[in-house]
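Here it is, the structure in full.
Labels run A, B, C and D following the written order; every chain starts at residue 1.
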Amino acid sequence: MKKYHEILLKESKDLWQAILDHPFLTLTAKTQIPDSTFRIWMQQDYIFVREAIPFMAVLLAKSPLPLRSNFIQIMVGLEKELELFRKNAQDHGVILENLQPAPICHAYIQFLMNTAYRQSFEEGFTVLYTAEKVYLDSWMQVKNNLKGQSPWQEFIDNWTSEGFRQYVDWLADTLDQLLQYKPERELVAIRDLFRTTARYEYLFWEMAVKEEKWVV
Amino acid sequence: MKKYHEILLKESKDLWQAILDHPFLTLTAKTQIPDSTFRIWMQQDYIFVREAIPFMAVLLAKSPLPLRSNFIQIMVGLEKELELFRKNAQDHGVILENLQPAPICHAYIQFLMNTAYRQSFEEGFTVLYTAEKVYLDSWMQVKNNLKGQSPWQEFIDNWTSEGFRQYVDWLADTLDQLLQYKPERELVAIRDLFRTTARYEYLFWEMAVKEEKWVV
Amino acid sequence: MKKYHEILLKESKDLWQAILDHPFLTLTAKTQIPDSTFRIWMQQDYIFVREAIPFMAVLLAKSPLPLRSNFIQIMVGLEKELELFRKNAQDHGVILENLQPAPICHAYIQFLMNTAYRQSFEEGFTVLYTAEKVYLDSWMQVKNNLKGQSPWQEFIDNWTSEGFRQYVDWLADTLDQLLQYKPERELVAIRDLFRTTARYEYLFWEMAVKEEKWVV
Amino acid sequence: MKKYHEILLKESKDLWQAILDHPFLTLTAKTQIPDSTFRIWMQQDYIFVREAIPFMAVLLAKSPLPLRSNFIQIMVGLEKELELFRKNAQDHGVILENLQPAPICHAYIQFLMNTAYRQSFEEGFTVLYTAEKVYLDSWMQVKNNLKGQSPWQEFIDNWTSEGFRQYVDWLADTLDQLLQYKPERELVAIRDLFRTTARYEYLFWEMAVKEEKWVV
């Protein structure tokens, strides 16, 4: 079976490296990330994880029968992830009520939802794989370079856990199967969505570090 | 708070009575339902319950934030209901593989999905409430009139359980809240969807009793 | 280029013949169709043509860029078709206000919309082709067997016109192109949708002849 | 009838003023806008207008029956607007083939589509009104302050024409009617969408002036 996820990753090597080298991750690994920066990320990612649930739901509605249970499980998992945010928010005094999405957070969510509604299941699934793969690789990067104890250890642990790795492996395998018999012309859209998702991920780190807000 | 669900039920009294008096239910209560009839219903309702999951998913995507967890729980519950079908299918030698939906089963599913995609959340929720309320009342009717032991006892128990009643109560309360501030003109569509859903439920019993299939 | 539309038609020969032999068409050709029957069809088909516009719209949103203009033109064409209904309704004293869809008309519309929202563009396009091809062939059948002058001549002329034939040819060609590179496994869903659409078309004639209404 | 569109405009006065004062508009009025800037805007707005057609289509599918024709007409109008872009692109040697959307253009389109698919018709319509109202006011601002002859006169004329003004008036009236009976709690989402749309419009001018591209 052709390993499409590897081809996609290979083609976007530069972009992937830019993500892994992003100051948000390197500073977090050095435990030098400013509290204010991490808090912004926490708030915005809380919104993002919350809004990932409707994304999964709309994907589920298009998914092949055997994958539906998986999507229900993913949603149950996202609810647990929200708990992790709420627990850490309380520990660190971060407010999670009445948050407004920053521009890139808003845009990224619109992109997820529009893709799930409008595009084919395979295309939506590509976005899902890419987003989760970025998270696995990004937090593994932090974990592997971590100096000392991070105040944000639970987040690092969450996205580098054995369970999360297996989930991302399953996504990769399933993506490969879904794309196996696709004609080349349909893979153009897949490539584009892979790249666009990774770009939004990069811009999400940027937003936190630069404290980007709506200018008006 | 105005009890809209009671108004809806009152307005459709005749239709509701026609459902409760349907031969499928009276024969099941008398334990005189032909095996072949019940098997057809089991197969078609298995398809229907299975396809109710994508319906819930698309509704979830439009649901107010506080209701999202409920929808995830409903989907988890539907998966357990599918297990109930599979267990009983095995016990009774009913085949659940490669089923084709009968016309009314196909139509009803299309109606659920189109409503969830196209209409407002409140409208989709009305369909959900109606379908579940028909099931509670229908199977309560069977339970209350049951002569002796039914070979289909587990289905009767499932939709008359305390848990299912509480779920339908919650649906009724939530519907009332959702419709509380709706202008009268929007309630026209709500009434129409309530009635249409109940009609499809009636036709579903009909299909089982008359063994309706695609004519060509 | 493989002519998929011909394969689909060939595989459903029996079903297609059942449509062409339907009493609604044979009686219309013999100018023996009861006025009341034709009026019911007119009312229900008016609803159907009207609701075909949102179907085209949701398809447009998923369509490849070069086809978008075609869909706008199709919608403009459907509006003209509605005019044809209104003109003939007036001529024949048929009421087109406050119509309620018969069960099969309701179901068929739900099927169109759900397919457009949920399935791939190619799948939605298959439904479109099938529905229009049934109309071309059905009304050609009437035209070719017509005894004398029909009071419903304008409808016969509408769906046997050179313009309509060219449109259906274009749909067939475009479908062939869309399916050209599809793997065999995806064609299973295409076949299924082709057949389901033709079945709904058959049941639509049935509904008119049998004056089928909601039983409750 | 309460004039909701005026309330919305009043509440966002600061934001509206920021849009009207944007350098893109003031420089265009002074005929000092760099050619390169205007070309970027032209390319990105071409993508945006093109993608506004699927947005209108998905809105049409949710629109009340009497508004459907309007949406078809709007789409026909957008196709003419695309012609205007193509004509001017040719005149000025601007390439419109194989364009990639800049981040804000991509994000804004996702926002349009997700709103049309997921939100109520009234909410989608609010986004439509806001986007068109920004264009009317922005280009009127240019027209009213125009020094001499602009090389981009046809664009100025397009969005300040009598026809366009009447269209935006119709949007305002229709919005007022749609919101007339809405409970206050539903207007919160309307306000939010109005503001978000205006913000995206502001960022669109920003993107052109700052030549914003994907950073990776």
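Rule of thumb we're sticking to: a contact is a pair of C-beta atoms (placed from the backbone, for glycine too) under 8 Å apart; a residue touches a chain by one contact, two chains touch by 3 or more.
As the structure is a computational prediction, the values presented were derived from the model and not from experiment.
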Chain whose Cα centroid lies at the greatest distance from that of chain D: B
A-B against B-C, pair bridged by the larger set of C-beta contacts: B-C
Rounded Å distance between chain A and chain B, as computed from the means of their C-alpha atoms: 37
Rounded Å distance, chain A centre to chain C centre (Cα mean): 44
CA centroid of chain B to CA centroid of chain C, Å: 31
Multi-chain contact sites of chain D, meaning residues that touch two or more partners: 54, 61-62, 113, 117-118
Residues of chain B that touch chain C when the two form their complex: 14-15, 18-19, 54, 103-104, 106-107, 109-111, 113-114, 117-118, 196, 199, 202-203, 206, 214-216
Of chain C, residues touching chain A in the complex: 61-62, 117-118, 120, 181-186
Complex interface listing, chain B residues touching chain A: 50, 53-55, 57-58, 60-62, 65, 68-69, 71-72, 75-76, 79, 113
